[in-house]
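These are the structures, in structure tokens.
The following pair of complexes shares a single chain, subunit A, combined with subunit B in the former and subunit C in the latter.
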Partner chain A sequence: MTKENNNHYDVIVIGGGITGAGTARDCAMRGLKVLLVERHDLSTGATGRNHGLMHSGARYAVTDHESATECIRENMILRKIARHCVEETDGLFITLPEDDLKFQSLFVQKCGEAGISAEIIDPQLAKVMEPAVNPNLIGAVKVPDASVDPFRLTMANVLDAQLHGAETLIYHEVIDVLIEQNRVIGVKLRNNHNGETINAYASVTINAAGIWGTLIAKMAGVKINMFPAKGSLLIFGHRVNHMVINRCRKPANADILVPDDAVCVIGTTSDRVPIETCDDMRVTPEEVEVLLAEGMKLAPSLGTTRILRAYAGVRPLVASDDDPSGRSISRGIVTLDHEKRDGLAGFITITGGKMMTYRLMAEEVTNLACEKLGLTKKCETATTPLPGSEPKEETKKYSFSQKAAQGRHGTLNESVDRGDVSSDALVCECEGVSVGEVRYAVTKLHVHNLINLRRRTRVGMGTCQGELCACRAAGVMCSDDKGAQKAINDLSGFMNERWKGMQPVAWGDNLAEAQLTAKIYQGLLGVDRLANERRVEYYEI
Partner chain B sequence: MTTQTQTQNVSVNNFEQCLKCSICTVYCPVSAVTPLYPGPKQAGPDGERYRLKNKEFFDEALKMCLNCKRCEVACPNDVHIGDIIQAARIKYSTHKPSLRDMMLANTDFVGTMASPFAPIANPILKLKPMKAVLHGVMKIDKHRTFPDYSSRKFESWFKKEAAPTQDQYSKHVSYFHGCYVNYNYPQLGKDFVKVMNAVGYGVHLLEKEKCCGVALIANGMPKQAKRQGKVNMNSMRKAIAQGHPILTTSSTCTFTMRDEYDHLLGIDNHDVRDSLSLATRFLFQLIEKGEIKLAFNEDYHKRVAYHSACHMERMGWVPYSTRMLRMIPGIDFVMLESQCCGISGTYGFKKENYERSQAIGKGLFDQIDEVNPDCVATDCETCKWQVEMSTGVPVMNPISIIAEALDVETTRKLNNLD
Partner chain C sequence: MKFDIIIIGGGLSGLTAGIALAEAGKDVALVSAGQSTLHFTGGTLDLLGCDEQGNYVQKPLEAIETLNSKHPYKKLENVSSLAGVAKKLLERAGIATTGNETSNHWRITPIGGLMPTWLSMEGMSTVEEPNQMPWRKVALVNIINYLDLPTKFLAAGLREKGVEVDVKTVTLPELKELRQSPTEMRSTNIAKVIENNDLIAKLADEVNGVASEGYDMVLLPAVLGVTNGDKSQQLLKLINAPATYVATLPPSVPGVRMQTLLRKRFNALGGTFFTGDQVVEGIFDGNTLKGVKTAKLEDTVLEADNFILATGSFVSRGLVADYNHVYEPALGVDVDDLGLDRKTWAKIDVTEAQPYMEMGVKTDSELHCLCNGAAVNNLYAAGSILNGHNSIKLLDGAGVDMLTALQVVNNIMK
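Moving on to the complex of A and B:
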């Protein structure tokens, strides 16, 4: 029997990626009553599967002026409002002997036109600034690229939405769009943990489901032409570079290397894939080969650096409206007012765009929603810092793990218990995650299982990939949670999820480590025998 | 295939080879006694990833590391954990060496200054008011006693008493005596000369010898250590050119010059390393090859307990010294379980480290009490100070025990010297 959610919302936002989270925040800040729904965990789609690059816009300067302008504007905004999610690394666009140096002057000119500061650097100086860079470079341009943590950014947006009264339901999947007289009145949700169904109602429903938005639209009986483009990336065990390194040429495969947290990421490839495959992306050996070969051209030491994982995301590319061939694809922001476009009121789709421009996308779609609801309050997301990024003097002397936690939660780190032996004990040694931080995440950050915990805290994201931390984290969650069997199942699912990313790059020390992990979890703990169910959430893409 | 390069993964001090098994932490003597030290895995390869991200992740708690290298011995995947930690201290520590640290580290300079005043300096350093001053002002722990300074340096003795007779031998070695032999305990050097001469080797000093620098590295003065290291390497190259192997009687000096020079100070020593050895190892190898023979006094009796110094463990050279000692018929040999004594050179002298230092060594001291030997044998001079202070049992270098038990006349005959 389907339950009824008796609340009537102004807005239901579908999709717990960065766009949905940003939209929920903006709507809530304008005083709307908001419900954010997500079928799996926050940032499981393209949001959690990209470079973590905060584009300066330089990459698009030559080919797409509009995107470039949007990027640099948002780049400067995020530095202010999302301080704790951003690392101001700067970026280099390098020209290699096989590239045309003439492109550099066009590039610099176009950057200037888009308002992106692009400074030509002597190649010798570039080598000093970034010792990992290919020493054969013949040209370099410095731009204000940076690195951004999409998990943190999404969480911070959700937290702020909640602070402004929004409700969040994760593991709630839209299985139907409720329509009355050419108006979307709400959605039917299935709780993916227990199978219960719930109806929730709103004046406006915003489809912010990324590539899966095409399926949501289908439920509402409207058609959006989307072209899933798979992008694969490799994560290396530690940082080899401190600045973002790009190739100064037209965008191509594997030409960006980003330092993210304690690792660095090379990507991406780009291939059209069928929508049916988007829930289970696998990285192929050919893609690994391309990423590594091209990556070594940016930073030769990648060739001999340990690769931790391979992963792939799907870009939600949208065909320009009503172009059935899909030839003219835009990377720009696409807001579809289905009332105007399809005669279906109360339904808006926000798609296209990039993680970089999520805030602008949210602003545009919220403007439209407000217009429909007759509200005139202005957007304030560009000037209000996200929770964790409020300006605050940092005077405290922190230990390694406290510093690491400070980086992850910003000023919210104050809420993490510390100072006693049991809170300070480390769960994850690679990433410095303490018991106190795990408890904080479990109580405050929508953590239902170990994979959620990983996205909130980096547990299991270090070089051991869960070898030592997963069982400890399961132990902490177990004592705070619902019993041993759930923890065992959770552990089994988590280790399988870790292996999925290691498998395409399983050689050398990574393989040795995986074998040791298997020995511990299967041989010593017998987790594979004790786990009695395999739930879909563990295999969420 | 590009991916082939991946199988030749290279990383500084093998930090990426860490499989996170945590065996190093189990064997860390510091982790065993205090939760305040992050342990070798965390301080080493784990911390290194974050330090590469931002130097602010350097944790001053790393100064609790003894640099015993027992983590490296334990590591199944050849990660140079101790080197990672020491290198991080050199690179990132903002802590400036204090006057005390400089005094402790400059064994050369302080020894040179103290030797002429040994008759006055030794008793003064033992006086309670003096210790109170050192404890309060210098932060040198009051429980510690500085090793006595010798009024005559080993070098002076050697030049006058030994040097003139060394050319009569057909085979020759150069001796790196180290600061302890030179300023504090020349007897060990004399014992060495006695043994080497008895088996037909003439002993020579290096053209120029500087302190190996181990205490400088530990106290945050790597630049000076590097300068001194280069002097030593150049002197050794000259000795090697004359066909001299270079021998020492200190495991720590040897280890520092063979391994730390290259790993921590960036001194290229590859052409010297193999010629630099500990005297017991050199002797053992000659005996194995049948090139020399030793004879011992029949009436020599001693119950000897051998303590494996940490750097002996790291070099894997413990068996050379113990098998040499076991050759002496009159020795009742007891092997102590390998454990750090806790002093780690100048570490244990510092007030802030004293209690930890003694807690680390406690297991060893208890063992020695139980075994109740006539003396403890070890190849490291600072272990000697620690064990003597903490147990009251005298400690001897294996070379001194060999010299004491040696029947010189018979040995000379066996080696066709007379």
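Moving on to the complex of A and C:
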């Protein structure tokens, strides 16, 4: 990368969230030479901080027909191309005594217009189908909602981009946009691990940096009117519900409960926040109160279920150019051709939208990039399975950890070493992560630290929040004496990152668990005393 | 059922009180939920490892003088003599220890740090001076596939202190069974497999094979001897070089052993142990506790002249924090929540001193519990349930557990 002639690309994609990953994949599949850059880890921003809900579109049917139709179309596509990232749970839209049951018929009608199958069912049947649902419900509609693992989905897109020749640089932050004669010719990157800077050049630079895209645009001298909208969520310690539960009313706070893997997630709130705070989102006690109170209306047992952690993401909402006040904010996809809009060639911004519609966003922006580059190859991402979701082979007999890994990596599970004593040893009991899987993630999935590992394998995401597995995983990842100090710093940072999500909900069993963790990591091991460096990403992002 | 004394809580504090009272001829019953945080320690006991400024302490008795007045040690009549009594009580229970209260020595943490401590169980690896390692060349011998001794960290920590370290691994065919299921490869399971003398001899042969000569210390994971110390001592004797154990990640085999031996001692002295049960209600008559009811015994009231509450902190459910407040669930005695509301119980940075750590039950100067502000004249609190200290920052957990228990015993016997 240091040689100037080796670093010219057709396309540079800025942002390692789902939009950037999907865009890199699409561009690479059309034969473009692609560089994907991300300042931290993959899925660090809004991609890794949402419900993990695969919308049917029903939520938007009444208020936003366009989003609803996009959602259901993409929903059906993801079930095919991202099979190993999706769990087909279905969803309920329930009406409670305090809601207007008249909304239900409008809702069903609008779902029909958007092509979403919405079936009114007897509330009694709803209670049988989903025993966790509020028993006082007076109406229920079944829709094809599902849950999706955003970490897995992003990684699968990055892997496929790489298989098609794309290069990926994570922990590389854009610190300047290079412009020559009203044309963006590339970006200046800083390696956030060692501080070195490099330039990378491209015919087209695509800004897919989510809410941070506004800052990238600023570097390029153009203005995008963004409205950072903070959404807070709570994760519960086990899977209370097995269908997605929504409220059948206009979208409001904390009205979606999604089952994800072994846990469930309630959210979200929605509040406008200043852009400067987006790197360090913290959930406030008031938000916790709203989430709990509203969540219990969907599934009363949430009130007695342990909350594992609280977290928040920032939606990259965009106001249209002629509405600086932000009143007509859409959740639709926004593609900005800065050549047409601002007279700045070689620069495109893709933003707005939702995780659900990432593939469509990628398709739109790739179409535009191809047009600029004079390419006519058609998009194939809607029909080509992602790595891990290729057609099923015969089912083999698997152990617990193999099954868990199969769920996480799909057919790529075959690349995990197993069968020997050392590879099969279990690092994380909650999530069934083996030494072999850790090694696979380190060599193949861009893992530099424990937080990267968590996003790729779920280490430390279970009920114990990293009680023992974090130390074991750090031991496996550490290479030599020099690496040992780094790994201990990493371990210390990881425990703080886990605590960041536990602290806003530190009562009940969660507080007891936190005390035990402190007893082990600080009292027994002395991690805090041995660590000699605090990396900002563990404390703020 | 009527006893002289009923102790609620079967951890280090409750058992210490139970043994001391039974040794004095009292008829003692102990109600225990069954778990103990000893399982999460490392075969060592701390008296005071840090002062309030966070500096390591070499002379704990002197540093105790500097603690603030809320600390439970301030309710002890003679720290030094109680510490001596505690050490001897352990010894009579079959738990031999090195160390004393006048000067801390240093334990090796599972990731290669050194931390000050008061008493170390026999066979545990310790050093006298943190800046002067007593070994030139060490063999660190782990069991293949056992992930709960992070040998890379341990080796790096020792090398940083100037010790030459070779990391070796050994195994026994008998451990193959455990490996069939990866979740089984944990310390207490290994200890259960390597129980008989033949296997211990075979393991010693394996260790001697990889650490044959030139080592002035062989370090082994503390995974032998759940029920008594003989097995772990036997292995050390069979190893050609001097050999000691290092603590592992939990569960801690030495910790489980300590718990087991204390309980055995209590039983041998004629104490009554209600296990897997918990007190759910106290029956008060004015400022006197008449009896307690438990979850399992339903309507049977357990009566006694005196009661000791030693159910531990949040982790042991001796204290419970719900959405709005902190309470003591067994008897409902007064809790010191530092006057804080939930939003300020915990600080954002995990390494900061966390306010919730200092919460606990309120007691008067003789360690009587308070109920609605008034002392209950025959109910005492001991151990981690007491307010006024942060055991993670001060490294004083075991000392508070044992010494407050012994002080309560003295107060009862007066």
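Here, the second predicted complex is superposed on the first by the 529 of 541 C-alpha atoms of A that agree within 3 Å, B and C clash if a C-alpha of one lies under 4 Å from a C-alpha of the other, contacts with A are read in each partner's own complex, and residues count from 1 in each chain.
In the analysis below, a residue touches a chain if its C-beta (ideal position, glycine included) is under 8 Å from a C-beta of that chain, and two chains touch if they have at least 3 such contacts.
Small disclaimer: the values here were computed from a predicted structure and weren't measured.
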item	value
Touched partner set for A:307, first subunit B, second subunit C, both or neither	first
Touched partner set for A:421, first subunit B, second subunit C, both or neither	both
Which superposed partner A:516 touches (first subunit B, second subunit C, both, neither)	both
First, second, both or neither for A:462, with subunit B first and subunit C second	first
Contact breadth on subunit A, by residue count: subunit C or subunit B	C
First (subunit B), second (subunit C), both or neither touched by A:293	first
Subunit B versus subunit C as contact partner of A:429, first or second or both or neither	both
Which superposed partner A:526 touches (first subunit B, second subunit C, both, neither)	second
Shared subunit A surface residues [contacts with subunit B and with subunit C]	399-400, 421, 426, 429, 468, 507-508, 512-513, 516
Touching residues (chain side subunit A, partner subunit B) in the complex	237-239, 259, 261-262, 288-289, 292-293, 296, 303-307, 399-400, 403-404, 421, 426, 429-430, 432, 462-464, 467-468, 505, 507-509, 512-513, 516
Touching residues (chain side subunit B, partner subunit A) in the complex	1-3, 5-11, 15-22, 35, 38, 41-42, 45-50, 52-53, 56-57, 59, 61, 77
Residue numbers on subunit A that touch subunit C, as the complex places them	282, 285, 399-401, 421-422, 424-427, 429, 434-435, 468, 471-472, 474-476, 478, 480-481, 483-485, 487-488, 492, 495-496, 499-500, 503, 506-508, 511-516, 518-520, 522-530, 539
Subunit C - residues contacting subunit A, complex	37, 40-42, 109-113, 115, 144-145, 147-148, 150-153, 155-157, 159-160, 179, 182-183, 185, 247, 249-250, 313-315, 317, 320-323, 342-343, 345-351, 354, 356-357, 391-392, 395, 397
